[in-house]
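Common to both upcoming complexes is chain A, partnered first by chain B, then by chain C.
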Partner chain A sequence: MSYEPKNPRDGVEITVGYRGLGGQPDRLEKRTVQPAEGDAPPWDANTPFAVVGTDVDRTDGIAKASGRAKYAYDITFPGMLQAMILRSTVARGVLTGLELDEARKMPGIGAVVALKEIGNKVRFVGDAIAAVAGTTLHAVRDAIEKIRATYEAEAHNVDFLQLPDAPMLGIAGDIDDEWPADENVDGALAAAKVTHTGTYRTEVQTHSSLETHGGVAKWNGKDLEVWNSTQATFGVRGELAGALKARGIEVESLTVHAEFIGGGFGSKFSAGIEALAGCLLAKEANAPVKLMLDRFEEHTCTGNRPSALMQVRAGLDDKGTITAWDWRSFGGCGFNGGGGSVAVPNYYTSQAKKRASHKELAMDTDPARPMRAPGHPQGWFGAELFLDELAAKAGIDPLEFRLHNDDQTIRQDQWRFGAERFGWQKARARTNDPKARYWHGVGLASARWGTLGNAGRPAHGITCRIHQDGTVESRSGAQDCGPGLKTVMAIITAEELGLPAERVKAVSGHTSDPSGPASGGSTTTPSLAPAVRHSAWLARQQLVELVAKHLGVPENQVACTGGKVGAGTAMLPWNEACKLIGPNPIEARGKRFDNYKQDPFFRGVCGCQFAEVEVDTWTGIVRTTRMLAIQDCGVVIAKKLAESQVLGAMIQGVSYALHEQRIMDRTSGRMLNGDFLRYKITGPKDLPQLECIMHTVHNGHANTSAAGLGEPPSVAAPAAVANAVFHALGVPLRHLPITPDKVLAALANRKV
Partner chain B sequence: MLRLPTFTYHRPKTAAEAVAIASEHGKQAMYVAGGTDLYPNMKRRHQTPTQVISLQDVPGLHAVEVLPDGRTAIGAMVTLTELEKHPHLLQHYPGFAHAVREISTPLLRNMGTIGGNLLLDTRCSYYDQGHEWRESIDFCMKKDGAICWVAPGSPRCWAVQSSDTVPVVCAMEADVELVGNAGTRTQKAGDLYRDDGIQYLTKKPEELLTRLVLPAPGTWKASYLKLRRRDTFDFPILGVGVCLWFEGGIITKANIRLGGAGSYAIPASDSEKLLVGQKLTDELIAAAGAAAMKPARTMDNTDQDVYWRKKVAPVFVARALEACK
Partner chain C sequence: MTEPKKVLATFQVNGEPHEVAFLPHKTLLEVLREEMNLTGTKHGCELGECGACTVQIDGKPILSCLMLAVDAVGKDVRTVEGLANGAELSQLQHAFADLGAAQCGYCTPGILMTADALLAENASPTRDEIKQCLAGNLCRCTGSLTIFEAVELAAARCRGEKAEPSKESIYGS
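Showing the complex of A and B:
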């Protein structure tokens, strides 16, 4: 790319939109946007990318696969102590006694701290009571067994449907409570040609990150360093600083490291009691302390996706347009009664009279935490399965029904393209021989999201360095919790500098580097991609100045391309050009400017998924045999990684639809399946054939047109599977996970 | 964190020495083969031997041998991985080899042995938990407690027989060889088990299992069919072992054992009766399958719905019979 001038004051004309999927027509439009002063000029649909959107490998793939990547779990120091937390054994009550002295006297014990005081409430099985650090986990375990904690237990409830303010369910599992009157919706329902109602349920899903929560704390006088498995390095730093201050512990500097994270899915925003306990123990013991949770703690103390109960009634006019939509939902939350809200698609119902209500029901379990598209897989399952039932009642094909009601153009194109590629019509027309053992079905569902990142936070930045020896660094203090921030940083920087991606060393996850967002709401890439771009663009300017001077050509003739820098025939190889830099590297700090206020294109992210299932009617066992996702995320920067996000979301979706379920023992309030042997997650042999087609959309909202991707594909997958099961059986299964007992029961009740 | 308690580790060089150490320490001693069942159990304090006797160095336990009379003797220490790949077993005992292949994961099969698999502890959702977990519910009858959480009024434990090879080995009427203080004895594998979740074995604690002896190939056919939630990793929640003896196309003897459906591999006697003296037709298979629902004694202490597990027993029995065609 040749050296671009500064952004003109009267704005830049860019081409936004997308090229047609398959044989579809392009939807490209010209727009004028006004980038902020000092920002890099926008990339658009006509930018000839050399690296962006190509199949670049994950930059840390080899490090991860070979075990060289150091996760929080892997950090160790000489003299480091190990630690554990004593957890409450009752689901609800008051801590009446806590004797720590004996534990303190045990051999090898360096520190014991109380995390609750006598008289404090205990809110769930696993509530943290005290923490112990010692030379080995064995010593710690021995000491923990010497702690005497007593409780006054109170009656608890770990089933949200048994709570006094839970709705009444009929025998068939439908909510029996009357709908409150509402003129608007009642009128629309009365006028509708076809109406339908249904009640839908989902169960609690745990995040099940492979690396458990926790980390290492190390004091050096009043300076504290923390290695934490987190999705929010800066959040953890703020939280720990505040919590330590509140305890009167002085901290002069606090650095958080999270270079590699073994999954979080939304459960790792907070430092949590475990990180704080680590810091307190390390202070008391005057030694570094590692505290990582075990698998049972991970399942029961670090949040979950709450269960949901949802009911909807809706009506259609004679054209098949949804004219009434009445929704109510209940979330099965933890003790704090939060985080259980349910989201539903709004793009099918723009013509409808609508109402929605939600109520949180608090159980005596650990609180919900955000989990990959909080509220969405639950709500989309309820809504999309309901839509298929409604369409079936009206005699309309589900795809036609979507095309008729979906008001989003991008998804309209994705529906058509996906249906063609999946062979929807043919698969949908196939009927099952009632005598055959295996029945097949296909289903579809939509995905949405809408984040363009934390814009307008110039503090969110990226450092780009070019060294004399030709090496290039891109650094962010934000964390790469798996999706691939580092790869995105390398690709954008390489694109700007005319290098292959592997020439850029991307480093993330140390709060000593420029700040970035928490990895939530699919905001990491859209927040930071423009800042990466800006940093590389600034660094390139500095290099171009040097090269222009050296060659005696005007700066605007100097290009960085194909690993060379120069003008015309006088192109210097990259390493030669970098020799001009001298001992002080070029260092540029990129900023995150606001998104362009011109709002050039659709702000959201669209997608749709298709699934095919095979149901063994003898046993009720459902297998997903084939899935296809069409997904956009603004401009696709790292194609392989984007696809991997979508495939992962589909796998997690199949798992949620068919397997995952927290099972609680009501009497003791404990999780019965708090390990990976019994908390079932889809295994490799249960996986369908998966295909993902990424759809690049140049949204033109900032200099890179990036949008978020982590969450959107996980919205559609469970609903698509449930719809396919409905198609196969002819009866809907309205309660996830779709276990074989439910399938057999449904088959037995089927009216033939 | 689960951790191993401390124990003394013995490596006897002969079977007699092993039995002597076991006898000397009584309840404090346990044998270990691959350790894939014992060590996790020790970590959860289900089993708390202070003396662990490794069978690694005991001669005669490590080979698969075809005996002069055509039977096949498998040393107790032969790993599952070896068995699933063994050409002789694949050719002549495909049902058994299949059962072996269905066990857990390749990593566990690399360590796990056939001896350990035959003697696998029974399982239950309320038992297969850490010590603290169990302590907080005051334990249960199987270990350290007084009550059964699955059937609170019950005088007995209903923990589930969960080995994949046991149903088919019992159906095949294989023999097991045991070495004890009184020397070596041989008995039918089926007689090794008892309908009790706690005392699930009939053998004396110090008795060492040395060999599993499979009957000589002949006019019989055996099969095994496993039900579990996923195709990988999971313990059986139903495991049907079938062995049929034929003479001129007529079934002369039929054994059907339901694993994962009670504390031992339960015979589906009604189904067996239907089969004897008949040709294995589709109608007969369906009828024999249907008769297998009654004996399944599923309890709510393992994965999946308790009634569903019972309901699908006929399907799995029928399919296992189908495989003997």
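Showing the complex of A and C:
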């Protein structure tokens, strides 16, 4: 890559778009963008990458495969105390008494703190009441037994469909309430050639991270250090600082560490009461305190994806175009009545008269937290299964129906390519022998995710250092929960400096380093990739200056490539060039500039998935046998890691479609299956054959066209599986998860 | 009420004797992590349901959250820290690192211990045998496919075959 010290003021012409999928035409176009003053020039579809998009190993692969990776749960200090939280046993009421003195007197107890005061409301079974720290968890458990907490219980409800403002359901499970009149939609429905209506339901899903929430707190005078299992190091710092200040506790410095995190999926943005309790206990005990939740607490007290009830009615004209689309949905939320909203695809209905409404219903349970594409898997399941039913009614193949109605070009190409690769036509034409035990079916569904990174957060930055001995460091205070921020940092820095990725030491997860975003919304990579690039680009300029001076050549002739720095035939090996640096390393702070004002090639990312299922008609068990994802990945930075994100999202989607369901006891308000035995998640034996096609799309939204991949591929999977079950059985199963009881009931009711 | 008293015992862990004072009600998981600082073995559920705490006892995978430490005295205990030969990682560990068969990595040590025991018994496991063997190890990020591929890659390399990691497909770049 040639060295360009300044961006041309009149903009840079770049090539955006993508090369044809499987022999389809290229969709490349020229665009002029205006990078911010001081930003690195943009990469585009013609950039010859040496490291980006190659098979670079995960930078922390060896740490993870050797057991050396230290998670919050693994942090230990001499004299450290263990802690637990006393949880409410009533789902709704008021705390009327709390006696902690007996607990304080128990052997081995270092601190006891109240987390609620008498008179405070208790909002769900598992609400935090008090916390205890002691020398062992056994001592702590014994002390917790001695705490006397009394409640004035009130009537509670843990089933959102039993709430007074929930809609009425008929015997078949359909919403019976009349649709309110709407001239627009009613007219379009009346004029439609084919109309259809359906009610769809999903259940509460828990995040089920393998490492539970919590961490270690350690005070040194007024300085506080916290090791936390979090998706938001800076968020936790801010939240704890605020909460401690509100309690009158002086904090001079607060550092949060999260080098390795054992899963989060949206549940670990907040420090939570557990991290605050750890800090309070550590202060009172004057000792480091570890407080990690147990598995039951993890299921019941750390958020969830709320349940949803959705109803849609729609109509088609004689060409099969959707001309009317009427949607209403209800979210089964926790006590705060938030987070249950449902997202619906909008690219099928651009020709339709539309209406949509949503209502949140608050139960006396743990509040929702974002979970991998919040609102999307539930809404896409409802909408995509409905579309298959509607297409069936009109006698149109589901793929043809989507090709006809989908207004997004990228996905049009993906549908065609995917159908060919999956063998859609042949698989769809296959019929099941009604006498056979196993029935098969195939289904498809689309995906869309709308963000390309947090732009305009100048506080987000990356430090790049080049040391005299040739070592290169890239540092971010943001966290790498596993998707691979560190690997992305190493790859982009290496690309810019002309080095192999393993030469770059990437460090993340300490708030003493530059600020970064919370890992949510699939924004970590697209938010930080441009800042990584900027930091390496600035550091390179400083090295180039030294080398140019040393060689006596103009700076614009110096290149960093193939592990060498220099001009023409005078190329210095990297380590030789770095000797010019001197004892103080080159240090550059990259910034996250705003996204270009010019439109990107596409806002967000597109995708689609195909699934094949096998239904055991004797037992009702559904197995997903084969899946294919065509996923817009922006520009793939780290190939192995990008693929891993997509495959993981597909499997989690299967889990949501077939297994996962929180079951509540209406009487006690307690979760009945708060463990992994009765709350089933997909295990190794449930795994289908999987294929993921990473579709590179040069968006041209910033100096790198990286996209985040945690969420986009999780949108389509449950819907594709549900559609495949519909194909296999000939009747739609409109209530996730598709468990054997529902399959057997559908088979029994099926008109033969 | 007084605090319970610690007992003293010698454990054989990763080929070395460890003399440890520990509370007799502690599980093997707790003693490995808290008394020997072997934190590679993870707390997942402490109910025997997730497999994150898997270690080997006399070569067989067991759930260390369900075993009292006293019951492991006199037995040969192996943890993820003992898979490597000194600084040199085992073939299985290399394969996991090469393929990136970990996302968050929290389930990885348990999976390694289970798969290592499988490979010791069966040099050429089929995909179904691998799935069967790992059925008790949950992975929530679900890098499971890559995990199976890593076990197969390690098995091939152990058999002396020149095996290369499979290539992912990127289209349209």
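A few points about this structure:
Please note the rule applied: the second predicted complex is superposed on the first by the 750 of 752 C-alpha atoms of A that agree within 3 Å, B and C clash if a C-alpha of one lies under 4 Å from a C-alpha of the other, contacts with A are read in each partner's own complex, and residues count from 1 in each chain.
To be clear about the criterion, a contact is a pair of C-beta atoms (placed from the backbone, for glycine too) under 8 Å apart; a residue touches a chain by one contact, two chains touch by 3 or more.
Just so you know, these numbers come straight off a predicted model, no measurement behind them.
In the superposition on chain A, A:Arg670 makes contact with chain B only, not with chain C. Of the two partner chains, chain B is the only one touched by A:Arg141; chain C is not.
By the document's definition of touching, of the two partners only chain C reaches A:Met106; chain B does not.
When the two complexes are overlaid on their common chain A, residue A:Phe265 makes contact with chain C while staying clear of chain B. By the touch criterion defined above, A:Asp74 lies against chain C but remains apart from chain B after alignment on the C-alpha atoms of chain A.
Shared-chain residue A:Gly566: touches no atom of chain B or chain C. Once chain A of one complex is fitted onto chain A of the other, the partner contacts of A:Leu744 are limited to chain B, with no touch recorded for chain C.
In the superposition on chain A, A:Pro483 contacts chain C only, with no contact to chain B. Comparing chain B with chain C, more residues of chain A are touched by C. After overlaying the two complexes on the shared chain, residue contacts for A:Ile62 are found with chain C alone; chain B is out of touch. Counting contacts by the rule stated earlier, residues 138, 294, 677, 682-685 of chain A appear in both its interface with chain B and its interface with chain C. Those residues of chain A that touch chain B in the complex are listed here as 84, 87, 89-90, 125, 137-138, 141, 294, 296, 618-620, 659, 665, 667-668, 670, 672-674, 677-678, 680, 682-686, 739-741, 744. Contacts from chain B toward chain A in the complex involve residues 1-3, 125-126, 128, 130, 132-133, 135-137, 149, 227, 229-235, 303-305, 307-308, 311-312, 315-316. Put simply, chain A touches chain C in their complex at residues 18-22, 53, 55, 57-58, 60-71, 73-74, 76, 106-108, 135-136, 138-139, 142, 208-212, 260-263, 265, 292, 294-295, 417, 481-484, 633, 635-636, 639-645, 647-648, 651-652, 655, 675-677, 681-685, 687, 690-697.
The residues of chain C lying in touch with chain A in their complex are 1-4, 23, 25, 33-34, 37-47, 49-50, 52, 79-81, 83-84, 89, 93-94, 96-109, 112, 130-132, 134-148, 165, 167-173.
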